[in-house]
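Dropping the structures in below, format is structure tokens.
The following pair of complexes shares a single chain, chain A, combined with chain B in the former and chain C in the latter.
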Partner chain A sequence: MTKILLVIERDLRSLMMQKSILMMRWFYAIVQIGIFGLAISRLVTAMQDYYTYYAMGVIVMTMYSVAIFTGYEIYDEADEGYTEYLLSIPLTRQELVLGRSLAGGIRSMVFMAPIIAGFMLLIGIVDPVRVAIALVALFGFTFGVSGLSITLAVGLRSGDKFDIIMGALDAFIVRLSSALYPQAFMPKPIAILSEFNPLTYASDFFRWSLNFNTRFLANPVTALIVLVIFLTTFNVAGVLIYERSLEGGTWR
Partner chain B sequence: MAIVSIRGLTKRYGANLAVDHMNLDVREGEILGILGPNGAGKSSTLLMLSTIIKPTEGTAEVGGYDIRTNPYKVRELIGIAFQEPKLFWFNTPWQILNWHGKVCGIKNPKQAAERMLKQLNLWEARNKYSHELSGGMKKRVEVAKVMIQRPKIAIVDEPTAQIDVAGKYQIWDMIHKLRDEGSTILLATNELGEADRLSDRVAIVYHGRLRILDTPRNLKDSIPGGDVIDIRTESPIQESILQQMKQIPGVVDFTLVKESHMRLYLNRAEKMLPTIMSRLNELDVSIASINMKEPSLDDVFFHYTGDVLEESDEPDSAPS
Partner chain C sequence: MIHGVVAVIEHDLRVFFKYKFTLAGLISMNLADLLIMAVVYTRMVSFNYFQFLAPGVTATGLFAAAFVIGREVNMETRRGYNEYLLSLPLRRAELVFGRMTAGGIRGMIYATPLLILAMFILKFPTATQFGLMLFAMYLLSMGISGLAISLAVALRSFERFTTARSLLYLFLIFCSTVFYPLTILQQILPGSLILFAQFNPLSAVADLIRGYLIGIPPVTGQSWTGLVSFSGAFIVAGAGLYRIAIERSVR
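The block that comes next holds the complex of A and B.
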């Protein structure tokens, strides 16, 4: 456990060094919620309080894009030859992967904390139980996304391929989810695909925990189960791929 | 007693055979110099022992633990200073050593980091980001990691590359001290002087294979006629004197460099010198000067590989 905490400490330190990139994400979230969200919600008449729905989705989307950073860091480390160092120190691969995934989750939470807090105050959510459930759900999701990011980065071993896949994944995972619009308004094929998307369940569970109207949301129990399966699957996959495939050198 | 046993260790990168069925035992408490040019397979061997890369074939036991089946236990015993410093750009020397100390479970990591930074003249630069450090400073931070860790088995890959002369002596002293405190040291180098000065035994590795392993003394003595004695006389040297010299057991060859200067090629010159002096005395030869030269590890390397170490500069196939 101490070793996992040390990995988290090291990864959190890197957050402090990437302020400009992360600030861009923050700026994106604020602009999306403050400008685009306000404008688009005036067009939407089929749904009550679409603005809140949209803002909650943007928060989860932004957390996804911060958590995915872990994979990019793995490539930075490979470029600088730092991967060999991490593989040489007395850490199990499990400690290394879990530490990094947890750090990815914590980083997303720390980074988005001011926006989440501001938003909760804005919509009047002060119930500590609801706030705690919402935060735990977000953390679980970002923990899983970091695991996904590690799995893909180590599995692909190519920065170019990772960039392309993450770009494509980012485009599809957002649009084929209920992050920005409810499943009820999606064309049937897209609604079916969104059923297999963890972002759908993370967004809807977050909304449910903040007391949003459940009419347009996925079942919270199902959402919780999917999130647990998601974070477990990709962290176990990350550990396995680290143990079996990762070696120093030979990265592109 | 072997603390590291390498058995048939092989690493292949595509079509390139970097390490070719290496067999080698490292004795507990020794400094084993691994000498070879870039691309000889030194780094790949050390990276496999550190469990950073996986063998294609064969295996090794480190402190009784198999690198394939018990890599975590191996990592608990090993500390490695890489050929290229592995410092992430956003870390400072202070953070690097402090974190390394903690993750390796040493007591008082802050105290150890401070002591080591001061010892290596890095204290003033302790809060600089690693990308702001000079090449020599980065290398010293890399070596410092192993020094504070004091592992059971320390691997140092070209520890003094890019380091000034004063710094080299300091690091050599620290390596000796580390050994004296109980560590076994694997020193990969392509600097002959470094291998000669530090190593209890030297393994010559070439094209992925171990060519020879012995003490520097025995390696030098193993070259037939490797020692050279230059004798200058007061008067011209007669042919009969040369023939007498050739009769001395152990003298492999001779040449007349000038009329009053002969050169003898032999083994164990230091042991043969009294006999030669005595024979010259019997022959009533007046000696102007005697100069004795033993073979260098460069000569040893050439003898066993047919190559000159400095000139062999193939790109390293191993990850650096």
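The block that comes next holds the complex of A and C.
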């Protein structure tokens, strides 16, 4: 356990060193909520309070993007020949990958904490227990996304392939989910695809915790089950694949 | 003069196609915006958002592709490649003009298929209108390349460059009429930002394409004046800054 904590501490420190990236992501989330969200919500006539719906989605979407960052770091480390150093540390592979996935989740939570807190203060918390459950679920989601990102980075072993797959995933996962708009307004093929997207359940579960109109949300129990399956699958896959790919040192 | 410029353009176009992964990422983003996001929003707003966004996506695609040259120039500056460029039997003016022209052409190569897609979605223009749209896009593309190149050399650090690029991206895309009409921005932005959105070259190109393809907003002399002056300023400033910065970078 202490060793996993060391990995987490190290990954948190490395995130704090990238101040400009952090500031940009905050700024990006704020502009998305403060300009795009406000503008588009004035165009939307099909539902009331779309602005709040959108802002909640952007929060979860940004947490997803921060968690994805872990994969980029792992790829950079391998590319720069840092893998040998990691192999020489007195840690088991499982401790290393679990520590990194957990750190990815914690980093997302720490990163978004000020925005989440500000947003909750602004709209008011009706049910603190629900909010607590949702925050735990969001942590689980980002923990799973880190696992997914690690799985892809070590599974592909190519910066170019990783870059394109992450770019495409980012573009399609976000748009094929209910992060930006409710499933109720999606054409059938898009709605079906969004049913298989964990971002849909993470966003809707967060909205449910903040008492948003349930007419536009996925069932919270289903959402919770999907999130648990998602985080388990990708962390187990991440541990297995990372363990194998670390052997033999650098990827080049 | 012409021979040197052509050689620089040829080099930069060859390099452009090496960025196939970056281009594939860009295409995914633009197509996802148009074919998924715009389709869903069309069901949520009171007008055809899909048709509204098609020209906007052409403008954002053009912007992103024209900016790729900045990333390349930044890498060259950090890796000391500028010494090699300055040692070539080319005049500074040839190098600067060649790179900016290539940046403009690269943006066009990427964005022209998006324009054709917008034409399929909206309507086919006359040959003159098509030519004018391409000219407007080229002006913007070259202006953005100039801006990207000068930022890349002046900032030097990759982190600073990407931060500046993201800031510019945020302001130019979100404070423009790419995603929403100007009347909406007038309701939510303060006066200075509305003025910025009005004269933003991305707004100008998106609205010019809309004007030529659907007639709304109508194309006026002011649409062209805004685009020419903003892009012209970017082109002149970009060329001047690149010329100064490339020499300073090797001292």
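Rule of thumb we're sticking to: the second predicted complex is superposed on the first by the 246 of 252 C-alpha atoms of A that agree within 3 Å, B and C clash if a C-alpha of one lies under 4 Å from a C-alpha of the other, contacts with A are read in each partner's own complex, and residues count from 1 in each chain.
The rule is short, and it goes like this: contacts are C-beta pairs under 8 Å (C-beta built on N, C-alpha and C of every residue); 3 or more make two chains touch, one makes a residue touch a chain.
Fair warning: this is a prediction, and the values are worked out from it, not measured in the lab.
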First, second, both or neither for A:K3, with chain B first and chain C second: first
Which of chain B and chain C A:L12 touches, first, second, both or neither: neither
Contacts of A:E77 with chain B and chain C, given as first, second, both or neither: first
Contacts of A:M186 with chain B and chain C, given as first, second, both or neither: second
Partner touching more residues of chain A, whether chain B or chain C: C
Touching partner for A:I123 - first (chain B), second (chain C), both, neither: neither
Which of chain B and chain C A:Y85 touches, first, second, both or neither: first
Chain B versus chain C as contact partner of A:L240, first or second or both or neither: neither
Touched partner set for A:L43, first chain B, second chain C, both or neither: second
Which of chain B and chain C A:V136 touches, first, second, both or neither: neither
On chain A, positions contacted by chain B and by chain C: none
Sites on chain B touched by chain A in the complex: 13, 47, 50-54, 72, 75-76, 78, 80, 82, 84, 86-91, 95, 99-100, 102-105, 318-320
List of chain C residues in touch with chain A within their complex: 21-22, 24-26, 28-29, 32-33, 36-37, 39-41, 43-46, 49, 159-160, 163, 166-167, 170, 174-175, 179-180, 184-185, 187-189
Residues of chain A that touch chain C when the two form their complex: 18, 20-21, 23-24, 27-28, 31-32, 35-36, 38-40, 42-47, 50, 160-161, 163-164, 167-168, 170-172, 174-176, 180-181, 185-187, 190
Interfacial residue positions of chain A with respect to chain B in the complex: 3, 6, 9-10, 13-14, 16-17, 76-77, 80-82, 84-85, 87-92, 247-250
